[in-house]
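Once you scroll down, you'll see the structures, which are given as structure tokens.
The two complexes that follow have chain A in common; it is paired with chain B in the first and with chain C in the second.
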Partner chain A sequence: MLLAPLGLIYLLFLLAPISFFLAVSFLKYSATQLYTSTPTLENYQRLLFDPFYTRIILDTFRISATVTVITAVLAYAMAIELFRAGSTLRGLMIFAAVAPLMLGVIARSYGWIVVLGQSGLVNRVLLATGLISSPITFIGTEFTVIVALVHFMIPYMLFPIFSALAGQDRQLVPAASTLGARPVRAFLEVTLPLSRPGVMMGSALVFTLSAGSIVTPTLLGGRQVAMIGQTVYELVMSTFNWPLGAAAACILVLCQLVVMFLYLGRARHAG
Partner chain B sequence: MPAEAEILPLAQLASPIRRPAIELTGFARAGLAMLVMLLYVFLLLPIVVVVSSSFSPTRSDSYAWSQASLRWYYEFFAAPNFTSALWFSLWLAAVTTVVATVIGFISAYGILRFLGKRRRTGQSLAMLPMMIPHILISLSLLLALTRVPLPELAALVIGHVLICLPFTIAGIVASLEGVDPDLEAAAYTLGASRPRVLLEVTVPLVAPGVLSAMIFAFIVSFGDVDIALFLSGPGTTTLPIEIFSYIQWESSPVVAAITTVQIALVVLFGLFVERLVGLKTAMRI
Partner chain C sequence: MATGAGTQPVLRLRGVVKRYGAVTALGPVDIDVERGEFLTLLGPSGCGKTTTLQIIAGLTKPSEGRLLLSGRDITELAPPYRDMGLVFQSYALFPHKTIAGNIAFGLRMRKVPKAEIASRVGRVLSLVGLPGVEDRYPHQLSGGQRQRVALARAVVIEPSILLLDEPLSNLDALLRKRMRLELRDIQKRLGITTIFVTHDQDEAFEMSDRVVLMNCGRIEQVGVPEEIYDRPVSRFAAEFVGEASLLDGRVVESAGRDVLVGIGGLRLRATSVGPEFRPGSAVILMTRPERVEITETDALDVCEVTVGKRVFQGDRVLFDLVTGDGQTFHCSLPSVERHRAIEVGRKIGARFHECRAIPCAA
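Coming up: the complex of A and B.
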């Protein structure tokens, strides 16, 4: 059978390791053997009730939600402008929006280090204009993590919204204005509700991608910002507490899947 | 997480669209245009700054254009940790591409010709690694290494093959769909053996699609962070991970030079795909 190799690969290297990973998240930690064979709910209890970890989880949600909302507003504005542009300009605008995607997340975080560093572009400009007298510390703050994540996520939000707008019947807005609606009202009551599936799809993507980010908070957030992804990375790579790391990863992935299915399910209803 | 090419409906974006469903009055229109212009500055700023600082003669990213130098490019090619990571990344991407393309072709052919009505199910199942967050894939492979005596390198290759398979399968299925099964049947009737039909009829017909799928797989592997972040070890560190561990401690325009080289490579590949099959077709996968 031609599909046997693929099935075997997925079974052996995808499904089996992930099942084992899930199982380990329910095992007791041991400093000498990484994990023991004693089943326990301890890891999940610690993550969900220990204030150290609940803060990280809540921070992750807060940062991801902030990024999602900002990205949605900005990408919506961009999507509208994309519509209004002529076809040459639109091509350029699309290219410029996709261009940052070609750089990986690491290169882009480095870009922000250069722009926002102590002697970076922003600080130099602010110092030169006399707005500030000593450089502002941007690196290592939540603000910078959010800026970089928004920067990273805009394309993921832009294209679902653009598709949703493109699918709308273009007679609807003229119809609304014929019926006496002012442009703002036509937008709020016709265009916006109809583009909801696109906004939702984009939000689900942006939220899950932000919540799972490791590199951006590590490079730009320093010790000030802790997100679940980093915590998993540290637990597994430096503390070697596999059971706790696995449980943290499982909580993260579970949240991502729930958000994804919730949004997609509702988007389908709305569409 | 779903990879970029899957969720960006570029083909749809590039096709002519119907005109706005949005009306704006003068003031709002100007305000919106301003906002979006600023947004583009925001989007492109880090890239422009990185590229420009890679030509800086000093550690600072401000300099006069006449002083532009290739110093950081020389330093990049003189730094053994970066060059060996670059070669390793290229090697890994090449191996991954070959493996993912061979398995991808066999699977795509199987899905299209032998699954009949269950084709859709088969195709969705083949996309499985795309649905699963990549961090989970790499973490569980790393954990499995504590039980299975496999070298770390093997796990890294397996991880990369896994995340590339959805791309090669989808790409090859798309181009195989364009092949009339009657052509294969005709060759078969004329006495060609099955392998010969495959090699002399099917493969030449889908060659451009296969090649673009290969380039996609190469780019996905070359740019991967999530898998290599956990599965890279001493001697098997990919370029992105080498950069990641470097800039955690230090920030030098060498990284800007490497990043610029990466941009150039991706643009080059993009142009190549464009020449080959047209970017629109390629992005449809």
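Coming up: the complex of A and C.
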């Protein structure tokens, strides 16, 4: 009974739109209409075989995977610090981690331009100290996109990991210690394995969010970086090639579903 | 008892203190633990017994004092190097490892070869009565089984000292009673020096060679169970260990340790638990309920009492006996017909055997 409104929301806002562009992705494009009613597989053929598009798909994977790994390492270290912190420090740390989410994605991205731009903070410091003679170009590189994505994704990884750490029996590490495990060993044998559900949940979230990002690669990646999200946007909003755009969106959703199923599968196995 | 005269204590605590800010939670305490003995730290919640155990294990650093293990100062040594096995109250089994994995943990840390690990794990599981559970996980076992695994894990590494922090608290009463005997049996067979923490006086008495009674961070009394029961050195000790009637009185006459104590109109013979009291000293007179004799005959050492309360407890009947001037003594008699027939309000004679005179608090 209570699930009815939730079911309705899922139906309206999730299943219906996905079904719509799933359908459109199998239709032929026409320059005059958004989409015709002729069924075809050519959209998928283009996306999966045209090197221009395959490169975008692979790059998206690569960047998302890189972001996920870096975020996992950083967020884990932060989660440990958060766990050890007293309540005031903890509050501050949580605020600092969540703050990026409270701004809009555009404001956040422009923030990075301020830091990494030609006349941005980093370049000014490096020039002033004489370490470089001319400004380094950060904006318009994959590096900057990854840095910015990691920055935004930290909270999505931090809280699941922190949750996993906080949920562990406090006496497990002391027990390992009395049995002869030094701190690093105790961490590797006890804490880390038990935090795996948190790491996996965070990784699934971060990977799917990164793969679908549009604004960050557009504002900070320039011409060099092309990710699937941007492709979908351009095809749908600029080129008005809805069938191709819909197919690209479906491929993206499919990848994200695969990641989610992998996560759920391993999570169930671990439980 | 496993010690011989002249054997060095295997563990010594000297002047150990633990402070949290301005509060002194423990100390100073001095304890000597003899090789092979079963020593219990007994006391109410908050008395410092668990803190002491944690300091011995190295999980808490003392604010002051030294710890010596077989003569070696281990005060600064971290837990992995102390060669002790600790059984936690909540068992702290690794949920993601099998039973074999849990027990093997300590052996792996000590780089014991794989083949030997397997055989030692098998043997210790048989020892604790759980053969064949190697491949199960902790969540698949019952509380009692988990407790045995925790014990096996601590014991398989053959530590110098075995530490147990209220390991039986989470078990139901019947299982608890059984585990007491089994635990003591295993300890005797292995001959491991054991330090046991509990708040349960029956448990402490049933299992221990010696008991360290603690209260408010200090040691109240140390001794074999019978000694503490028979000659408690303070009001707290008398009350914590067994039932007691404690009345304030004054020494009327004294001859060495034997005193005559006056309480209101009564004059009772008692033995001092320690000091030699001078006439006029204020003392606490202690009688144990089971040491009260009911009699119809009139004699010099028989007091006239009225039965104030009666509680039937199955194998015993409990009475409150009230003297002429209102002093109340607790009495516990075997549940035979003669005693069961006594009702409230009846006037009878009571003889108080083996009374003790305890010093009043300083």
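We adopt the following convention: the second predicted complex is superposed on the first by the 250 of 271 C-alpha atoms of A that agree within 3 Å, B and C clash if a C-alpha of one lies under 4 Å from a C-alpha of the other, contacts with A are read in each partner's own complex, and residues count from 1 in each chain.
Heads up, the rule we're going with is that contacts are C-beta pairs under 8 Å (C-beta built on N, C-alpha and C of every residue); 3 or more make two chains touch, one makes a residue touch a chain.
Just so it is clear, the model here is predicted, and its values are computed rather than measured.
Undergrad: Which term applies to chain B and chain C once both are placed on chain A by superposition, clash or fit?
TA: fit
Undergrad: In the overlay, answer first, second, both or neither for which of chain B and chain C A:D169 touches.
TA: It touches chain B and chain C both.
Undergrad: Once the shared chain is lined up, is A:S177 touching chain B (first), chain C (second), both, or neither of them?
TA: both
Undergrad: Of the partners chain B and chain C, which touch A:F26 in the superposed model: first, second, both, neither?
TA: Neither partner.
Undergrad: Examine A:P193 and indicate which partner it touches, taking first as chain B and second as chain C; both and neither are also allowed.
TA: A:P193 contacts chain C only, not chain B.
Undergrad: For A:F152, using the defined touch cut-off, is the partner it touches chain B, chain C, both, or neither? Pick first, second, both or neither.
TA: Neither partner.
Undergrad: Go through the superposed model and pick first if A:F207 touches only chain B, second if only chain C, both, or neither.
TA: neither
Undergrad: For the superposed three-chain arrangement, provide the angle chain B-chain A-chain C between C-alpha centres, rounded in steps of 10 degrees.
TA: 80
Undergrad: Taking the superposition on A as described, I'd like to know which of chain B and chain C A:A96 touches: first, second, both or neither.
TA: It touches chain B, and chain C stays clear.
Undergrad: Chain B or chain C: which reaches more residues on chain A?
TA: So, of the two partners, B touches more residues of chain A.
Undergrad: Just chain B (first), just chain C (second), both, or neither: which does A:F138 touch?
TA: neither
Undergrad: Aligned on chain A, what is the least Cα gap between chain B and chain C? Give it in whole Å.
TA: 10
Undergrad: Taking the two structures together, which residues of chain A meet both chain B and chain C?
TA: Looking at chain A, the two contact sets intersect at 169, 172, 177, 190.
Undergrad: Would you tell me which residues of chain A are touching chain C in their complex?
TA: 169, 171-172, 174-182, 185, 189-190, 193-194
Undergrad: So in the complex, which bits of chain B are touching chain A?
TA: Those residues of chain B that touch chain A are 1-2, 4, 7-10, 12-14, 16-25, 28-29, 32-33, 35-36, 39-40, 42-47, 49-50, 53, 60-62, 103, 106-107, 109-111, 114-115, 122, 125-126, 128-129, 132-133, 135-137, 139-144, 146-147, 158, 161-162, 165, 169, 223, 225-226, 229-230, 240, 243-244, 247-248, 251, 255-256, 259, 262-263, 266-267, 270.
Undergrad: Would you pull the chain C residues touching chain A in the complex into a rising list?
TA: Residue list for chain C touching chain A: 57-59, 78-80, 82, 84-86, 88, 90, 92, 94-96, 105-106, 109-110, 153-154, 157.
Undergrad: What does chain A use to touch chain B in their complex?
TA: Within the complex, chain A contacts chain B at residues 1-3, 5-6, 9-10, 13-14, 16-18, 20-21, 24, 34, 74, 77-78, 80-81, 83-84, 87, 91, 93-94, 96-115, 117, 119-121, 124, 151, 154-156, 159-160, 162-163, 165-166, 168-170, 172-173, 177, 183-184, 186-187, 190-191, 205, 208-209, 212, 214-215, 218-219, 229, 232-233, 236-237, 242, 245-246, 249, 252-253, 256.
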